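Lettered A, B, C and D in written order, each chain numbered from 1.
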Amino acid sequence: MRDVAIIAFAQLPSVRRDVTREEVELVQPVVAAALAQAHLRREDVGFTVSGSCDYLLGRPFSFVMALDAVAPWPPIHESHVEMDGAWALWEAWVRLQAGDIDTALIYAYGKSSLGDLPEVLVQQLDPYVVAPLGADAVGLAALQARALIDAGRVTERGLAELAAARRRQAADNPCAQRRAPRSADELLAEPYQVAPLRAHACPPISDGACAVVLAAGDTARRLVSSPAWIRGIDHRIEPHQLGMRDLTASPSTRLAAERAGALGGRFDLAELHAPFAHQEVILRDALGLDDGVAINPSGGALSANPMMVAGLARLGEAATRLMTGQGRRAVAHATSGPCLQHNLVCVLERDV
Amino acid sequence: MSAPPDERPPVTVLQAPVRLDYTVTAGHHLSTYLRALADRKIVGGRCPECHKVYLPARGACPTCGVPADAPVEVADQGTVTTFCVIRIPFDAAPFPPPYVAVAILLDGADMPIFHLVRGIEPDAARMGMRVRAVWVPDDQLGPTLASIRWFEATGEPDAPFEAIASHL
Amino acid sequence: MDTDVLSAPYVLEYTYQRSTGPVIGRFLTALRDARLEGVRTSAGKVLVPPLEYDPETGEATGDPVEVGQSGTVTTWSWVHAPRRFHPLDRPFAWALVKLDGADTAMLHAVDAGTPTVMATGMRVTARWRAERTGSIRDLECFVPAGGASR
Amino acid sequence: MGANRCAIVGIGQTHHKAKRQDVSIAGLVREAAARALADAELTWKDIDAVVIGKAPDMFEGVMMPELYLADALGAVGKPMLRVHTAGSVGGSTAIAAAHLVMGGVHQRVLTVAFEKQSESDAMWALSPKIPFQPQLTAGAGGYFAPLVRAYIRRSGAPDDVGLQVAVKDRLHALKNPYAHLRIKGIDRAMVADSPMLWDPIRYLETCPSSDGACAMVMTSEAIAAAAPRPPAWVHGLSTRSEPVVFAGRDQVNPQAGRDCARDVYTQAGISDPRRDLACAELYVPFSWFEPMWLENLGFAAPGEGWKLTASGATALGGALPINPSGGVLSSNPIGASGMLRFAEAAMQVRDQAGEHQVDGARRALGHAYGGGSQFFAMWIVGRDRP
């Protein structure tokens, strides 16, 4: 495989509701900032690809107007996935493997505040026998949390302690949304959203955007001093119906990790896209991460969860930490679908 | 507990009602444009790099990538660049067909807006036709493009094709 | 909130006409008859609800299999404040229920009154609507076996 | 182009109809995918990755349907990607899949594109009433009719060229058993007498609304060596996008289309597309777009596209058959329409097109566009290994 690296990452601070900015205005500043970090002019980008979802905004073709943020003139080589931006990054990484272009720009945006996100996410489910039940994402995640508790792998207090730790880490991340420190005891005093999940074990609803620049080989070395090299990247999907899966495990994460070369190695840090606290436990186990790995130093998706952005942001957060010398090797993960149906794993490394 | 089998034909179609409630926001630039319409003004934004005037102002100039939002008021009259006569009934249609939907390059703007022309026979619509806005009465003005009821012919001579050729 | 910014409600509303295909159609027809059916895969597993294609092999699934009206809760969650589109308008449980004779679990609601009644491994049984149209909601919910039925 | 060659070894499509009420969404995509696998003589287990495309999710009311369709496409345990680039998506999806092979990432890739428009109503799904967004047009026709008028004005074309395309593509469709519209006795008078919808576009000059799917299996050169039938080889492929509106934008002859065509011609070593290509499948949803795209793609000089159409050269049997399958005017499952163009081009060079085969076709162009004539995806496929 050709050497490809993340060389820039920019994101907006996630907020519960951003009313002043339309999609294009969410994207324009992060694209401008990422290109500036990469020392690239927009006309020098070889391939552009974005991730977003019409249903968050309730209208078709929402990605069309957002494209203005990259000023695609003269016309650009471009694609769009109706997925989290992490999969847009995968498409870009694949595109760079062909060898004829050296740089790619990836951006993602999500404005969950316009609709009622739990209701919107019902539309993701099997349209014949599940969506008509109105099974919302928190209710389904709570089934998974219960299964994990029943299996003795986590407790409600454990989830609160995990959430409290993420808040402490998020305090250092100006883009995180939940930054106020809370003790586990305070968090345990919250009422249930859907038992056994309290608010702290569920993600916030966020508006946000982020952008990443990839570059290959010598181009990456020329543009920035410490590229975060993608040593492996892979993703795998599982059956859709929850009743056909072992909800306490993530075999697709495990398989993607194996293909990406993430099993058995040493990592300094991990950015795991675990919107629900218990999912972090499942992912940590699937990836075989031990206590020596700093998990979600950014605060993770429990601290900010802009839909279609949060997965790409995990890759960007991990890369940024390597590029700024906070570690040499990282694993980043993104998820899609109910209860971790579809998982992407990326191994990042900086030159010593 | 089982009921006796049904005499109805087997199920082949599932009615699946969906209702999602959103609160749509217009964003800063679109809101500014719409609020100006309530004052019978058409206000766009100029790009600091290419100097083109967009209606409404843009968070990103589509060709330059920087905000195109230096406020500029443009005229409420302009030139029809192209049009189509809609002869098909349509749920969101403002009038029974036929009616004329036009792209209008307002004087002072660099990209057309879409609206309707009334007061002419559909067959009399022309590219290059000069038109002006017909505003609703003061008490019906609001932050919406509907503050302009439609456009009507000014009676001026048509603009030459060259004037609109680069806006098609 | 920026008061300069206009906002307005917007409702995205539509009734989709979903052609079901033979496998899902047969399941919905059985529900209308207050029966629960699954399908058998080539490996002999019974999938409930039925899938047209076996996730394990990608192959088309086989014959329909009627399964029991009762089953075992494999996991559950408790909804304190039902939403407008939920199956029940009072607090209830979401549960994955492995019906007797099935190899996979089905998602539905359990009308248990209080979460203290709920437990993984508990037995539940189907409660049907009187008016049935051929929908997963013809099965109103499950109830704890031997009690709590209205 | 990539370091690795990409071969199309399996092609499948559904019978396209206004309402495929006999199948679920899964059943529809499955039908095309199973045919593509059968053509390649491969099984679900042989596939390494799945790339799926479709237009807006609101057509079917299923958000991110790849999640629900993973089971039906044998994708469990595999990578799955969902592409959406408006009307060009079928082409963009095939290109994303081809890059998986060309980048050496996977060896056997299944790509599928679909739309099941009968689940809802295209007019509703494309033009919901959204606050602050003016609704003065009526669906896609209301958007594109002014562009057609501008083309007629600019080129001086006689106003019956659109009729000619509408008849020609429907005559081609009569040779294609999968086509949705197969209008017996179609002729110029029938089109001319059909209702004017979005003047100057008549009813029979527009595409239908269809349920349908298309699928292809693409493999590396090593795998293609064992393929049961001759593959189509990718000789060139690319995309170009430009903004939907900007001051001075030429929407009739968009630069993105011209640039994309130039890119694929360069990759394929083509200097004169009219001479070097046996036929082309162009995304023509309204009849007048044939002459418009002939100019945009360099088959004719600006202002001359209608002359090529009027000469009869673009009919089967002519010098440059355009849309031998019957095109989008005869079948339009929106999300699949672009992939159908790509697949038909591949069928032609595989000598697989049956009654609508162009004799001896060695190289063909597949073309798709979307949005406000702003997203373009194209490939050139050939009988010979590049």
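By our rule, a residue touches a chain if its C-beta (ideal position, glycine included) is under 8 Å from a C-beta of that chain, and two chains touch if they have at least 3 such contacts.
As the structure is a prediction and not an experimental result, all values here were calculated from the model.
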Chain pair showing more contacts of the two, C-D and A-C: A-C
Greatest separation from chain D - chain, by CA centre: C
Inter-centroid spacing, chain D versus chain C (mean Cα positions, whole Å): 39
Centroid spacing, where centroids are CA-atom means, of chain A and chain C in whole angstrom: 30
Where chain A and chain B are represented by their mean Cα positions, the distance between them in whole Å: 37
Where chain B and chain D are represented by their mean Cα positions, the distance between them in whole Å: 29
Numbers and ranges of chain D residues touching at least 2 other chains: 21, 24-25, 58, 60-61, 70-71, 76, 124, 128, 130-132, 243-244, 246
For chain C, residues contacting two or more additional chains: 2, 4-10, 12, 14, 16-20, 24, 28, 51, 55, 135
Per-residue overlap in chain B, given as positions that touch at least 2 other chains: 12-14, 16, 18, 20-28, 30, 34, 61-63
Touch-based graph of the chains, sorted into line, ring, star, complete or other: complete
Chain C contact footprint on chain D (complex, rising order): 19-27, 30, 43-45, 58, 60-61, 70-74, 76, 118-121, 124, 128, 130-132
Complex interface listing, chain B residues touching chain D: 12-13, 16, 18, 24, 26, 30, 34, 50, 52-54, 61-63, 81-88, 90-94, 98, 101-103, 110-111, 114-116, 122, 127, 144-145, 161, 165-168
Parts of chain A lying in touch with chain B, wherever the complex brings them together: 19-22, 24-25, 27-28, 31-32, 42, 55, 57-58, 68-73, 113-116, 119-120, 123, 127-128, 131-132
Residues of chain A defined as touching chain D within the complex: 1, 48, 53-55, 58-61, 63-65, 67-68, 71-83, 87, 90-91, 94-100, 120-121, 123-128, 131, 234-241, 251-252, 255, 336-338, 341-342
Residues of chain C defined as touching chain A within the complex: 1-2, 4-5, 7, 10, 12, 16, 18, 20, 24, 27-28, 47-49, 51, 55, 74-80, 83, 85-87, 94-96, 98, 104-109, 115, 120, 135-137
